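Labels A, B, C, D and E are assigned to the chains in the order they are written; within every chain, residues are numbered from 1.
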Amino acid sequence: MENLVQIALQNVNMAAILPSLILTCFGMGLLLINVFLPRGTTRHAVWISLIGIVVTGFFIVTAWGQPQYGFNDAVAMDNFAAFFSIIFLFAAGLSILMSDEYLTREGYPVSEYYPMVLFATAGAMWMASGTDMMTIFLGLEVMSVALYVLAGFFRGQIRSNEAGLKYFLLGAFSTGFLLYGMALIYGVTGSTKLTEIGIYLNAHGALLENPMTLAGLILLSIGFLFKIAAAPFHMWTPDVYEGAPTPITAFMSAGPKAAAFAAFLRIMEYCFFSLKPEWTAILWVLAVLTMIVGNVIAISQTNIKRMLAYSSIAHAGYALIGMVAANEIGYSGILFYMLAYTFMNVGAFAVLVLAGKKGEDNLTLEGFSGFGYKRPFLGVALAIFLFSLMGLPPTAGFAGKFYIFAGAIKAGYIWLAVIGVLNSAVSLYYYLRVMVYMYFRDPAEDYAWVSMPATVVISIVIAIIGVFYLGIIPGDVMEYAKLAIF
Amino acid sequence: MYDKLWLIPFFPLLGSIINGLLGKRFIKNEKVIGAIGTGAVFLSFLVSCKYFFQLLGDSVKTHESVVASWMSVGNLQVDWGFLLDPLSALMIMVVCGVGSLIHLYSIGYMHGDEGYYRFFSYLNLFVFSMLMLVLGNNALVMFVGWEGVGLCSYLLIGFYIEKQSAGDAAKKAFVMNRVGDFGFLLGLFTIFWTFGSKHGVWTINFVEISEQAHLLSGDTVLGLGVTTVATLCFFLGATGKSAQLPLYTWLPDAMEGPTPVSALIHAATMVTAGVYMIGRMNVLFAMSPTTMAVVAMVGALTAIFAASIGFAQNDIKRVLAYSTVSQLGFMFMAMGVGAFTAGVFHLMTHAFFKACLFLGSGSVIHAMHHALHHAHLDDDPQDMRNMGGLRKKLPVTHITFAVSCLAIAGIPGLSGFFSKDEILWYTFASTRGMLIVWIIGAIAAAMTAFYMFRCLYMTFYGQQKTDPKAKDHVHESPWVITLPLVVLAFLATVGGYVGVPEALGGHNQIHHFMEPVFGHAQEVYHIAVKEAMHHNPIEYVLMALSVVLALIGIGVASVMYMKNPDLPAKFTAKFAKLHRWVFNKWYVDEAYDALFVETTKKLGIFCWRGFDVKVIDGIVNGLARVVGACSSALRHTQTGLFQNYALTMVLGTVVMVAIFILN
Amino acid sequence: MEIILFYLVALVAVISGYLVIRCKSPVNSALGLVNTFFCLAIYYVMLHAPFMAAIQIMVYAGAIMVLILFVIMLLNLGTEARQRYTHGVVWSAIASLLVLVNVVYFLKRGRVTGAEGDITPFKIETLGHTELIGKTMFTEFLLPFEIASILLLVAIVGAVVLAKREV
Amino acid sequence: MISVYHYMSVAAILFAMGTYGVLTRRNAIVIFMCIELMLNSVNLTFISLSSYLQNMDGQIFVFFVMAVAAAEAAVGLALMIAFYRNRDSIDVDDVNMLKW
Amino acid sequence: MTDHLLSIITYFPLVGMLVELFLPREADRLIKSVTLVVTLIVFLASLPLAFDDVFINSAAMQYTEFANWISIGQYFQMNYFVGVDGISLWLVLLTTFIMPVTVLSTWHAVDRNTKGFMALLLLLETGMLGAFIALDLFLFYVFWELMLVPMYFMIGIWGGKNRVYAAIKFFLFTAVGSLLMLVAIIYVYYFSVQSGIPFDNGFGITHFYQLDIPAHVQAWLFAAFALSFAIKVPMFPVHTWLPDAHTEAPTAGSVILAAILLKMGTYGYVRFAIPLFPVATMQFTPFLAFLAVIGIIYGALVAMMQDDVKKLVAYSSVSHLGFVMLGVFAMNLQGLSGGMIQMINHGISTGALFLIVGFIYERRHTRLIVDFGGLSKVMPVFATIFMIVTFSSIGLPGTNGFVGEFLILVGAFESELRTFAVFATTGVILAAVYMLWMFQRVMMGKVTNPKNEKLKDLSAREVVVMLPLILFIFWIGLYPNTFLEKMNPALDNLVSQVKGKQQVALMAEDLDQSVTKVIINE
């Protein structure tokens, strides 16, 4: 019996899961505390969960550069995971900052909301740090289940229900494919540990011709492509983003997307590096398809939240270019891009949170007429985020795009890069159109000065700082992104 | 020393600036303004005299003085430099002399005009530009003057800004000049480039060009000799500036300007720039017989063509305008047959008598205008049909006008005779001469005599057709107006005696004076009177013939307009069609409008509405529309139905697998 | 002998699977599903995984299906209304057929080539399946196990938050 | 002798059937059941593989799959109930407010 | 001080902008004054460049500043590398000179939201200066794109009726081109890294000049650059954004657009496209020269038929910049310096024209030619100034326009573009036609429209705005050497470099052919 314990303990390395551990602890603690917290407000929960996030962040930062492995290669808290974890934390933190205001406005001041976000974040971290298919899979599920709940969080709102339900059904469906893929890979290699799989595949060249490997690879990818929202697995995105509570949309568009990229990258690089030609060929097509679908459909959107959803599809496409490039620059480009995207997109959604009225019927282009004059600060902020999404210097978006395209061009995918830039040219149109309404139209109704809750403003300001910091002096962060590549 | 040459153009410029900037606000007083304007020109006249006589006494006949460098880009070095040689010396004398007289005249003529200061400013500016043109030591400085005079004529033709016709005329003048300038530039480029690239001589300096010209003899461009191409281009410039076929139509319209302007710019000086330019580049022209022939023919045709139109004009100034065109034709004939001196000689004499004629007409118009104005009539004060019998009212004007008429008609003893006769002689006798040119010239001379006297008679003789109410108000003009008339009439009389041909026992001083400019080219390229013609009695025959022709012209005129004034009406009735054509100037303007103006406008409209808007923007917006269409089409694939999404996913999977199998 | 059993079970499994996707009434589909679960349990036994078979019965047939049935009852769903939108049943059929074809193609061409482990049926017999599972789970796969617990926690809380009538 | 491929073929068939069900059924709960069917086919694959390869990992995986299935069932059904409360239906054709 | 001069003049406006953001939005006068002062200071600070004689003797970059900006080992490195030589010198000065003029001109023109407008102006100035001084392609690109944003808002917020269309058109046209250029830039960079250019060089063009890129690659890269710049110039047929942008933009916007932004394109050719890809330049020259000539004539023809003064001036820009392009592609000293001079000219003359249009627009709130007529009677001072500017734009000798056009044509005539030059010269005629026709219809004739009868003549402020421009019109016209002597060394160097590489390429070609011949013969 005791030898069993020894066997168990010798693999245990708490440092490898410390961040997610802290986060989950805070989550569970919060669940308990909620019982005693006054109903009808969630302020305290906000601060507690923020503290949790900050603490976690602190531990991640301090652990930078000392990769931790443990649990018998089930998890590896290396720079790669750390970098992504930081992204998740930013996404979570910023969306939590804007949540309180939002929940109160929409009439659902339910504190369970925050633990859910924290759990989702933890799940994302496990995805990023998992080196065993089981860890990744379970992390994915923790994240997804939490997100199903959060997407459908406003029980009384039909759109929220619908978002939750669609997300759930499709998510579960894609899980089926993911699992089947994992099963086949397991069958081919006899292991679920990424490294072992990789070594095994590399050692037995014959396997590369084995159709089962390829089938596994594809079915596996689908699970992640679904979460990334790459065409043709993107169709849930607009509906869910539109229906879900805005802060959750913000979080979903940044955190889970990044998590999926993290897991996808890790699996592709650890397991299938010997199959690179095959999967880059596929991803090339998908990247192009995704960019085109996202950008083109976004043009005819009138609801800004939905438009941003399509734009996030497009951005997934840009990021995929980095994977197609499949060289160091491309990969670290993805890391950097995800961070940049977190700032600009979450920031944009934060503005929407303040711009929206109850039920968010006014988040249409028309509703934004003269917005820049009604709410000068928000107007400028949104403009900045949109320019960053366009990829105009000196903003994070530009630095990110540059990084990724540089990777693609270095790898010789000139035409992919050209298609990419042409797509961002198309995207200019719909971003600009928002600004047309914000500044080139006069306000529809007369407006009074509206006081802005500090928390949301803070998140916006942080996002702005992030956008410009990553845009003007991206050197350091790019360096980190470089170090984060395995 | 000649380093103060820049003073000559400087004074008028100064005057122009002073009047232009201070005239309206500060000086105001007409007397002062007039004094400044006239004084400036007179000063430069004095300086010109100094240099002229200095040059006469000087053994070296070519002097350059460089003031400053203008552009220096690699091998292109352009200076602000002046060149004084007999040719330019003569020209500055004419320009400043006639110029100052006309300024004086304008003081009276423009009296009371609210644009008084503007007028003198422009006029000075013109004199400045003209002097730059004449004195420039390289083609570019000349071009500055060349365009400058164009600008001033634009400003002065459009001086009465209120008049629509004035504006049109001004624009027409400038644009047509531009067409000429286009030619000038091309010629300049050709010369500069061939010199430079073929012979390493990067220059546009006149002296160097004339010295190095022989290098070009071998070179060709587009299969033609470089000199031919270049000189043809230059000649195009000349036709624009000097109102030759086909670019002459602006000059008659230019009469919209005040009369002194017509006198100075459109008779005496500017329009002769073309002639001067050919003289300046005589070596190049001499090298290309083809061009010379073209020049001569164009000159001849212009001479007779314009004269023919002069027959049927009733506006006194227009008659003079066409006669100017015709006389310029004579000058070009001279240039074309290599009689450069003769051309310049005629240029000078023409400046005298034509200026006198214009000022005379101006005096008439001035008088008529006052009279009509006084009687509150709005008849056209320029229409000769309202005049007649003015000789008693305007004695001085009448005399001077008559003298000038005799001069231009080529009556022996007056300046016109000598110059015109020399031209005709050369067209006949020069090695480059052509009989046809001589014939045309002779006929044109006769016609000149006719229409000039027609003009004279209609204006000053017969009974006064002026509206009785206005009759008694017609008075002779003040001295500032009559004095220049007298002086010019005097010059028109005696001006010819500097060029009395040897045949008549003269010494033809002007010929010797111009020797250093033209002699070189003439001897190198064998341009001279044919051997056979030396001391040939035929010269006297021709002289007599031309006199006879002139007398015939005068005679016909007096028959038609003095003896029995109803004859013209009969004629017009008899040759109605012909008359209509002549009266409407052979419909040349209309033709030009239809050919060039309208087509250009149509083209412009097409480019704009047709191409810019429809094609280019059409493509651009079309692209946008296509993308939009795709967007709204794709958008509807997003049905919102769970199962469509799931289906898409599955199909996507299948497709990916398929791709894999294919790989 | 065993092969016959295999095909028999396979037949049953497929038929009940067919019931799941064809029955008009959700309840019937549910029962069909339960049936399938049992067939799979039998397979698990045949594959020397008795413990998995047990959980299969307990978790699936026991927990999940009961939950589902409970919900069906709760929402007392009758036979579902006829479809209102064209979902392209044909397309769906084709698609799923293609999936099948693909998978089968891979199975035919593909080979299971994983490294052989040492957990022979004999070992299972001697050591006992449950203990083996337990050992592996608590040594090698400790972390996933923990994560699974978090997952369940999330699920519970989420279900409560979503289904609770009032806040 | 029964090879692993026999089992996997059965699993494949079930998987395809599940897919078909998901694509064609209207009732959200039934769709969910079809998804469960798919998951089960995966389980079968895993276990057959694991016993063929004679290592435990596959079975452990199945264990977790079951846990996930349970969790999803709980959340999913909760979502359906919430939706039903608002729309009096769990027909996926009614899940169509958000589109285009 | 002087070793950071460029940075100072570039970022000072940015500082000014930040300051303004914190001023109360009601304090119009204050904000305007601040803007004016800032731009004036920048102008004064930039004057030392004008009087520095080093440019007369040296073609090298002066006032360079080099600092490592972004450096990701083995991935890429960007440097903050700026400097001016005779080429960029005058464009920098033109910018710093035009800005105060613009600010002063827009004193009353902008009525609402002055704060935003002035802030954007300053941001724009930083962008433009940065683009002119950048010697690192990446840095250049950053500033290049940065310019779009303020202009977009200026057109869109303070523009005319059709402003939205114009603004978006402007933005999209320019962005599409520049995005392709970005790809090309990155490609060039990695090519340079492969061909062993030191990693520290980053995107520095001075080293890129030494690259010898295979011809077919050059062609693609050049095409990408050329397209981007051609749109900015704008060359036919990608010019259609210009009339819209100009017509809709507020006066200040049009002035800056015409005076400086368009120069970005031509400058881009001179600084980047041509020296980076000389061989490709050689291949493309006839084509681009052809487009340039088309632009000259086409622009003139279209301008002639315009009924809106601003549109007319806009199309005249197309024509003028066609001249510039012709001169640049003549690839000899005359042509290039002519082109540079013409850039400055166009900046001054067309800028002045837009100011003039602005003046009458402020008074009458219409730009249609038919609404005017006989103004010279009502406002003589205005008439005089308008006249001078008109003739400078026509290219009358003695004004700046002539010097530019003459040098360009001479250059073109010396180069292989002779035939093009002949056609281009006809542009001289057409220019006279459309400008004078417009002038006549606006200024001459009787005052037909009673509204025009009591228009106020130019105010002291407006005269002050125009005088410096007129001064330069004559300065450049009468003594261009001031400018030429400083730009010639740099241009000379450029020509020799480019020509040299082209010669090498040609010889290599001949060699190949001869070799193949030999082989065939054997």
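The rule is simple: a residue touches a chain if its C-beta (ideal position, glycine included) is under 8 Å from a C-beta of that chain, and two chains touch if they have at least 3 such contacts.
Note that the structure is a prediction, hence the values are computed from the model and not measured.
The minimal number of chain-to-chain contact steps leading from subunit A to subunit E is 1.
Common partners of subunit C and subunit D, by the touch rule above, are A, B.
Greatest centre-to-centre distance from subunit C is found for B, with centres as Cα means. Relative to the centroid of all protein Cα atoms, the closest per-chain Cα centroid is that of E. Contact counts per chain pair peak at C-D. In this assembly, the C-alpha centroid of subunit A lies 30 Å from the C-alpha centroid of subunit C. The geometric centre of subunit A is 79 Å away from that of subunit B, both derived from CA atoms. Mean C-alpha position of subunit C lies 70 Å from that of subunit E.
Averaged Cα coordinates give subunit A a centre that lies 26 Å from the centre of subunit D. Contacts with at least two other chains are made by residues 4, 8, 15, 18-19, 22-24, 31-32, 49-50, 52-53, 55, 57, 60, 64, 68, 71-72, 75, 78-80, 82, 92-93, 95, 97-99 of subunit D. Among all residues of subunit A, those that touch two or more other chains are 134, 138, 141, 145, 148-149, 152, 155, 164-166, 169, 173, 184, 186-187, 190-191, 214-215, 238-239, 429. Multi-chain contact residues of subunit E (touching two or more other chains) are absent. Pairwise chain contacts present here: A-B, A-C, A-D, A-E, B-C, B-D, B-E, C-D [touch as defined]. Those residues of subunit A lying in contact with subunit D across their complex are 133-134, 137-138, 141, 145, 148-149, 152, 155-159, 161-166, 168-169, 172-173, 175-176, 179-180, 182-184, 186-187, 190-192, 238-240, 242-243. Subunit D meets subunit B in the complex at residues 19, 22-24, 31, 92-93, 95-100.
On subunit A, the positions that touch subunit C within their shared complex are 4, 7-8, 11-12, 17, 24, 28, 31, 39, 70-72, 74-75, 108-110, 112, 115-116, 119, 122-123, 126, 132, 134-135, 138-139, 141-142, 145-146, 148-149, 152-153, 155, 164, 184, 186-191, 200, 204, 206-207, 210-215. On subunit E, the positions that touch subunit B within their shared complex are 169, 237, 240, 243, 298, 301-302, 304-306, 332-334, 337-338, 374, 376-377, 380, 384, 391, 396-398, 402-403, 406-407, 409-410, 413-414, 418, 421-422, 425-426, 428-429, 432-433, 436-437, 440, 443-446, 478-481, 484-485, 488, 492. Residues of subunit D that touch subunit A in their complex: 4, 8, 15, 18-19, 22, 28, 31-32, 35, 38-39, 41-42, 45-46, 49-50, 52-53, 55, 57-58, 60-61, 64-65, 68, 71-72, 75-76, 78-80, 82-83, 85-87, 92, 95, 97-99.
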